[in-house]
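Below you'll find the structure, written out as structure tokens, and then a few comments.
The letters A, B and C name the chains in turn, as written, and every chain counts its residues from 1.
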Amino acid sequence: MILTRRKQAEQAMDIALQSQIGEEERFGDLMRRMARENKTAVISFFIIILMILAAAAAPLLTPYGENEMDLMHRLSAPSAEHLLGTDEGGRDVLTRLLYGARVSLLIGVVPALLSLILGAVLGVIAGYRGGIADAVIMRLADVTLAFPSMLLAMVIMYALGGGILNVFLTLTLVNWANVSRVVRAQTLQLKNSEFAEAARITGVSGGKIMRRHILPNCLPTLLVLFTLNIPASILTESSLSFLGLGIQPPNASWGLMINTGRQYLYNAPWLCFAPGAAIMLTVLGFNFLGNGLLDVLDPRQKKQ
Amino acid sequence: MDTKTLEIRNLTVSIPTDRGVIKPVNDVSLEVPAGSIVGIVGESGCGKSMTARAVMGLIRYPGKVTGGSVFLDGREITAMPERERRKLRGAEMSMIFQEPMTSLNPVIRAGKQVAEAVRLHTDCSREEAKARTIAMFREVEIPEAEARYSCYPHELSGGLRQRVMIAMAMICKPKLLIADEPTTALDVTVEAQILALLERLRDAGTSVLIISHNLGVIARICDYVYVMYTGRIVEQAETSVIFEKPEHPYTRGLFRAVTSLREGRDPLETIPGQVPKLRHLPEGCSFSLRCGECTEQCGTILPELAETEPGHRVRCHRTGKGGAA
Amino acid sequence: MKNSLLHRLAQAAIVLTGVVMMIFVMLRIVPGNPIETMMGEHADAATVARMTAEMGLDQPLHIQFFRYVSSAIRGDFGTSYSLGKPVSQLMGSAFINTLMLALSAALFAWTVGIGCGILSAVHKNRLPDRIFMGFSLLGISLPVFMAAMFLQYIFAFRLQWLPLSGTESWKSFILPGIALGWNSAGQVAQITRTALLETLQEDYIDTARAKGRGPIGVLTRHALRNAMLPVITMMAIQFSGLLSGAVITETVFSINGIGRLMVQGISGRDIPLLQGTALLATAIVILGSLAADCLYSVLDPRIRVKGE
């Protein structure tokens, strides 16, 4: 079942709070269990891998160049030569889709990774150090979370200006707070575990404890959050590009394709619906995968 | 008016599972004479609660009654259409459940829930229902009845909640009250009070069918006892008879266990083995696998319920009256 | 005490202040003089200097902040650079449109969502269940702009049943409402289904049946009252998503709402407008969640007692 973002965060929180140190199932076993119980998650996993491969191998898969224009055949409907038609410059839509996949997938993965790192670091510090650091970081998180994600992204984009790097930064800043909360919760719990105590007694520095003992135990939850943050990033970027605030031409992302295609919605609807379907498929895939991981890691659902 | 408030004949309940059909209630017959308290005793899972639910018509899908009939005051209710049966529930026959903590709707005031029972079956106004509820609260000895009417369930103690449940069950003056483990979740002092209350209700004209795994409760208030095991009745007799001369090895095992507990014997006497899963019942007597006195015949032929003395029936070959199939 | 109204209000106020500060700071990180950026080629040093002084943009940051907050409390959010009108005036009319849109979306999301959820739960694992859950899955994964464009294309352009854009009549809010509410409807349907299924397993449902209640009575008078509680918690979370989606929906359907104003604020490098709309939007979200939390306390007597 697909859960809402908040429920996902809550479940991630539960996993964080209940995971037992040192007793986790090996990764291989987990994957095997997921394969057994959750067929959709596994299918999604393979679809995503396929997508990534297709995006990487784009030049090999299509005879057309990314920006190869053919003004004689602009806005033509899907046909044998152009499986998804052509756009306003006569470029093959499928080709643009494949190249756009590179950008969109990157847009999904990189900010998700960055926000994961940022959120995890801040979360651990907040949980471990407590006191002022905790208060400040958590207030920052609260304020960040109070914003509707689009609005926050828009304001940050305004402040930073356009361009792909700024999009990365924006998406990172929008998504870090959720990660922080979860990691902080887990840190609070792990802080008083036995080996953390032992490490402290032998004089290991706080920083080392955080790095060596606490963060590694957060990995399963972080993996899940990562998988779930990717579709969120993709959606936010698509929406930003749709409004003309994100990626700028000539770079193409699926969101931008939809934006430009919008003017031709009535005579060439495939220009919008093809990238739209691609976005949906990707988002669904990552969501299924993420929820599958959540279920497999959730101690409440562990079957004896 | 029949002299038997409740009569169950050859009742069978089946539940289809993905590994076959199981029968938590298998060919059960019992009766509750008017003005008496009858008990069904047995371990968890023996089918006693299911039997009660079958009488009320509260079996959850996918289980259903697949054989036998139930008569309430002489009328056959198993053949009735659901709409007719619903009119009886809460009015002519009612039931109270084990967990008073969770048996009341947490977001509705206690009094209103009881008043609901009245308004479902009679044509009275809200004020009248409220008045009758408060009166009923007093009858079941809920102190400060008026104030308690407006309380939410979580504001009441376990004992009070159970009294509210009893009020709800009795407010339409049913002929039969089924009490499923009514005191299991309560502590001992409250238990004594609730049992005394049940006796008073019996004296006032309601027959009671009480279900329990607690022999003490059964001994205290029941006139007649049925012992169930894996969905079948294995012994039945008047309370004094069954406690003095239990005949079925299972019944004897139960009593021995309780006595050894009370006398602090070491080691505790228990019945060896475990209750078999309903899917894996032996062909003959279902107790044969654990019975110390079992013979070859016991394992292959199911004994019938046979009378060993007037009013006392046992389902066992060893009593010599089990009879061949 | 922890959950009392006062405590929650105080928390909301703190977060709101943080939000204002954050917006304020972020908008001033932009290098260069905003007046210059806005005026573009028409900028000449003298006019720029004059306007900068007029708008108080040469003052230190914290002074600018206090001036802004004190005017904002009095209702004055400055004047829009790009549109020339007072921001509060622009926001006023836009707010109504966004409100209409949000209400339309909420209405759709809640009636369809709860309805599907109930029907799904009642027919668990049978055909209606699978169909409705399929729809809800679609709802959750469909991005707002896709839903918006799709609906616009099919129902406004192809079938011509409903207006294409604008806000002339109440009909103009139907398609945008559905597009915006689609996502929420999916979530609500799933939560309703789960909550109802769980509730129907509870003991008090048996009690209700034992009293003689029929299936419909059990559903409406006992099950739903309890099952709706987690669904209402969802309300608190959905405000945020609704406003995010409103930005897109208003753009696609050319509705003059807060979202669209925000986009205008960005493309016109219009700080007062952007500031005002961002502030208003976030305030709506915060207050909305607060209201939903309070609603929950009112409806669940168990919480009420603890809160007093």
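Operating definition for what follows: contacts are C-beta pairs under 8 Å (C-beta built on N, C-alpha and C of every residue); 3 or more make two chains touch, one makes a residue touch a chain.
No experiment lies behind these values; they were computed from the predicted model shown.
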Label of the chain whose CA centroid is most distant from the centroid of subunit A: B
Pair with more cross-chain C-beta pairs in contact, given B-C and A-C: A-C
Chain centre separation in whole Å, for subunit B relative to subunit A (CA means): 56
Distance between chain centroids, defined by C-alpha means - subunit B, subunit C (Å): 54
Between subunit C and subunit A, distance of the C-alpha-averaged centres to the nearest whole Å: 23
Residues of subunit C touching subunit B in the complex: 202-204, 206-214, 221-222, 225-226, 229, 299-302, 305
Contacting residues of subunit A [partner subunit C, same complex]: 1-6, 139-140, 142-143, 146-151, 154-161, 235, 238-239, 242-245, 258, 262, 265-266, 269, 272-273, 276, 279-280, 283-284, 287
Touching residues on subunit B, where the partner in the complex is subunit C: 56, 58, 83, 86-91, 94-95, 97, 99, 102-108, 113, 116-117, 120-121, 152, 154-155, 165, 168-169
Subunit A-touching residues of subunit C, taken from the complex the two chains share: 14-16, 18-19, 22-23, 26-27, 29-30, 133, 137, 140-146, 149-150, 152-153, 157, 187, 190-191, 194, 234, 237, 239-245, 247-248, 251, 262-263, 265-267, 269, 274, 278, 281-282, 285-286
